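Input: structures, listed below.
Same chain, two partners: chain A is paired with chain B first, then with chain C.
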Partner chain A sequence: MSAERTLRLVWFVTWFNVRMLLASEFFILTTFISPLIFATLAFFLFQSGGGTAGQTLLYVALGAGMMGVWSTTLFGCGGAIAWQRWEGTLELLVNAPSRYDFILVGQTFGAVVLGFYGIVATLAWGVLLFGMPIQATYPLILPLSLAAAIISLGSLGMLIATTFVLYRHANALGNLLEYPIWLIAGLLVPVATLPIWVRPLSWLLAPTWGMEAIRGAATGPEPPFFAILMCFVLAVVYYAAARVTLVFVLAKARRDATLSLQ
Partner chain B sequence: MTALAAPIAPIAPGTLRSAWRVFWYGGRMSYGMLFNWARPSIYIPTLIGGPTFQLLFFAALGSYATDRSPAYFAIGNAVQVSALAGVFGMTMAIANERWFGTLPAILATPANRVALFAGRFMPFVLNGLLVSLYAFGLGIVFLGVRLAPGSLAVAGLALLVTVFSCTAIGALQGAVSLRLRDGLFGANLVTMSILLFCGVNIPVAELPGWMQVIGNLLPFTHGLEAVRQAADGAGLEQVGGLIGIEALVGVAYASAAFALFVYLERSARANATLDVR
Partner chain C sequence: MREPTADTPAIEALDLVRTYRTHTGVLRRRPISVEAVRGISFEVRPGELFGLLGPNGAGKTTTIKMLITLLLPTSGTARVMGYDVVRETTAVRQRIGYVFGGDRGLYDRVSGVDNLRYFAELYGVEPSEQKRRIAALLELVGLTGREHEKVEGYSRGMRQRLHIARGLLHDPEVIFMDEPSIGLDPVGARELRQTVRSLVDAGKTVLLTTHYMFEADALCDRIAVINAGRIVALGTGANLKDAIADRTIVEIETFGVTDEAVDRLRQDSDVGAVNMEERDQSQILLVQSDRGAHITQRLLSLLGDTRIGKVVAREPTLEDAYVHLIATTGDDEAHAARAASVQ
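Here is the complex of A and B:
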């Protein structure tokens, strides 16, 4: 496949998946409502502790927004292959001339892109209800930080999609992994305040570096180049791992004749 | 031979015995057959793993953002996690009748509707208690939760009543779901609202007035306050009023749920929409 065709395929599937997710009440809740509820909760908590400075509110809004991004990524990608099975399209997609991993890339990016609406929503929420100032220390680096975060989370989403399919009840894994990543990735609580053994785990997670890249550009004392670099490095590692897993999963499904079975 | 000697004695549908059977066996069967999470591969990640990390997350966040101890947040969330079983469970126990195609058969029977409806509560209240007690255990071991030994019974009573009222709002959501495409949307919204409005992480007194009004109309607010006070040693004379209000809130939600269920049944019969999705 030419690069142009590949890009067109990924773009089309991304957009298609965004529209599919927008038709789901669950994803409306996860993407549009849940980040606002958690942002409000966090705003009140920090206000209760006296943290009313603009920087604190921005820290909270970005963190709560990224919580929504993670939830949408987790649930949107965790069930990606399983949904194709339920809908009866998995066999068609796997056997189509287009590479299946590119279709999956588009599907996971669709979930991540939709999830990033959560950050916009929580920022607007913070400005309107809590008088939060909108500022960015490095406004020119912010788009790069966002792009890096989207790419790394998209790749992580692909890894999630290919590994969760091995577990019969992928949504249950989603229920399990929402809170721990919110915690370990330091979205609202700095990783430095957690036990020391948690830190290496947080370094392996895209949300940690994505959050650091965005926060660094918005409120950081210096440009977050290292975090941006880590996002891209992790994206490559996740994609490679996802590709290997996908080849294994599809080969196993073909060998056992279980491609369309639950 | 034995079977012939003892023919099956039909039970008249209007009798108390029949209502009891519908309540007892129907309730138990609803848990096993309609509650999607009643299998280890879903139950453990969702109702054991999820609450574990919820407790740890809010204990870390709360103690970082405020000057309160992790135990404060652990108690609030240990009570709130019962909503996962109560709200989601009851929603599934009622709404899944439609999705699994058993609703018309259920409504075609002359079974006592009160018994049919009330029987659904029992397993989900017990399940909610189990999840909540597990979370309390976690809080005691890892997050410094301490319960005054003299008030354990009072705390237990407050918890039981709170779990009942949360199951009642789940029943209302279940009845509403009989008309919705996705019933779990409302169940998610209810559990998130409880986190925000009911003093689970932020004391109700610190919320704006309009949020306090909503909090007072929702389950959990009074029951959770009773559990908190009982954990500090308050007796029944101090928290009895709170427990009573929580029970009233629960009964009000259960009554509203039953009334809605009956209304929707009649409406569905009249409009021939019993099984329409």
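Here is the complex of A and C:
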């Protein structure tokens, strides 16, 4: 398949998946409303703790937004596979002449890009309701941080989605991954405050570095180049792992006849 | 990659076997295996309409799923247009279309045309071709004018027609249809048969599974009757009918017939097979015998005091041939295939 054809395929699947997700009331609630609730709770918690400085509020708003992004990633990647299995379209996608990993890339990025709305929404929410000043320390680096975070979260979403292809009850795993990652990836509190033994786990997670890249560009004190680099490194590792896993998963699905099971 | 020659069969299956492994129990899980397909071999010529006919659970869908690369055979080999279904999956997938019966397999929350656009992209239809191709297929399946409505509002027949359009998007050489008329009303089923016939007229190879005898008879060039995972007969409709040409079918309308009475008929040495169809108030017993209409009185006496309606003796049809084949190969084979082999 030519590069142009591949890009067109990925773009088309992304666009289609965005449309499918926006047609789901549950997804709209998760993506558009939940981040605002998280942000409100976080603002009041920090205010009651005395953390009312502008940069602290921005730190909180970005964390709350990222919590929404992670929820959307889980639902949009894993949940979409579960939904396709239920609809009976998963077999058709896996069995299409196009490479399934490209289809998964499109589906995943559709979800993650939509999820990043959460960050925009929480920032606007903070400005409107809590008078949060919005001024990035490194405004030119911020777009790069956002792109790095989207790509690394998308790749992680793709890796998670591969397990959903194989196991029909993987949705339970998806739900289980939501809250712990909020905590371990430093979305609510800094990773530095977590027990030392948890930190290596944090470093393996895309949301940790995505969050650090975005917060670093927004609130400083240093430009977050290392975090951005880690986002790209992890994206490559996740994608490679997803490709390898997918070969195994698709072979096993053909052997065990699991694709059509609901 | 080599191209198939003119002599290459469109589909060839050799000793295909498929065993499903699963388990029973929750706390004490016991592995069991079920042989869904037990050594199936057949060939389909290019341009042929080939039918796989059998009762529910006979192994039809499993056979199709192996041929379209969705399932790996446990043993045996299969090729489509000369390409191995296990190793050359991409080459096979580029050349086949498939249509499954039922409500599933469509994106309900978007329109019919959006479903087709999406799958056209996945099936590698050239962007410059997509619009023309989708319009032609909508016309072919009679959905022109309804294509912008959401699929969730489609009737069962409309969904099935959309399935067919999807399966034909990339102009495949071989089309697999798994019980495409299931659940359709008589008019919808007739339109579907016309569509299938037009595909064969256009040079496509079609493998169709069905458990409707008349559908196989009306459409297929050749029919393989499959039961309990094995092909029990293969030939034209006329060939299959010949197998019971010397038999007479006695149709007996009964009201409230008991299982014991039906068993008495089955145990009679001159009775080949007994099939029962439930109607609203009555049951129709179809009794096969090689004794001609003379056996009628004896059959009625075996039914004892069962209330009897109309009684007709007639020539056998293809459906009777099918019933005969399934009845004579059925119980022991089916039991063997499904018996859990506890490991």
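The criterion applied here is as follows: the second predicted complex is superposed on the first by the 255 of 262 C-alpha atoms of A that agree within 3 Å, B and C clash if a C-alpha of one lies under 4 Å from a C-alpha of the other, contacts with A are read in each partner's own complex, and residues count from 1 in each chain.
In this section, a contact is a pair of C-beta atoms (placed from the backbone, for glycine too) under 8 Å apart; a residue touches a chain by one contact, two chains touch by 3 or more.
These numbers were taken from a predicted model, which means no experiment stands behind them.
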item: Combined model on chain A: chain C and chain B, fit or clash; value: fit
item: Touched partner set for A:Ser98, first chain B, second chain C, both or neither; value: second
item: Contacts of A:Leu29 with chain B and chain C, given as first, second, both or neither; value: first
item: Touched partner set for A:Pro221, first chain B, second chain C, both or neither; value: neither
item: Touching partner for A:Pro200 - first (chain B), second (chain C), both, neither; value: neither
item: First, second, both or neither for A:Ala257, with chain B first and chain C second; value: second
item: Arrangement angle, chain B at one end, chain C at the other, chain A at the vertex (C-alpha, nearest 10°); value: 80
item: Touched partner set for A:His169, first chain B, second chain C, both or neither; value: first
item: Touched partner set for A:Arg5, first chain B, second chain C, both or neither; value: second
item: Superposed arrangement (fit on chain A Cα atoms) - minimum chain B/chain C Cα distance in Å; value: 11
item: Contact residues common to both interfaces of chain A (with chain B and with chain C); value: 24
item: Residues of chain B defined as touching chain A within the complex; value: 37, 41-42, 45-46, 49-50, 53-54, 56-57, 60-62, 64-67, 181-182, 184-185, 188-189, 192-193, 195-196, 201-203, 206-207
item: Partner chain B, residues of chain A touching it in the complex; value: 24-26, 28-29, 33-34, 37-38, 40-42, 44-46, 48-49, 51, 167-169, 171-173, 175-176, 178-180, 182-183, 188-190, 193-194
item: Chain A - residues contacting chain C, complex; value: 1, 5, 8-9, 12-13, 16, 19-20, 23-24, 87-89, 91-98, 103, 251, 254-257, 259
item: Residues of chain C that touch chain A when the two form their complex; value: 20-21, 65, 68-72, 90, 93-94, 100, 102-110, 114, 118-119, 121-124, 127, 166, 170
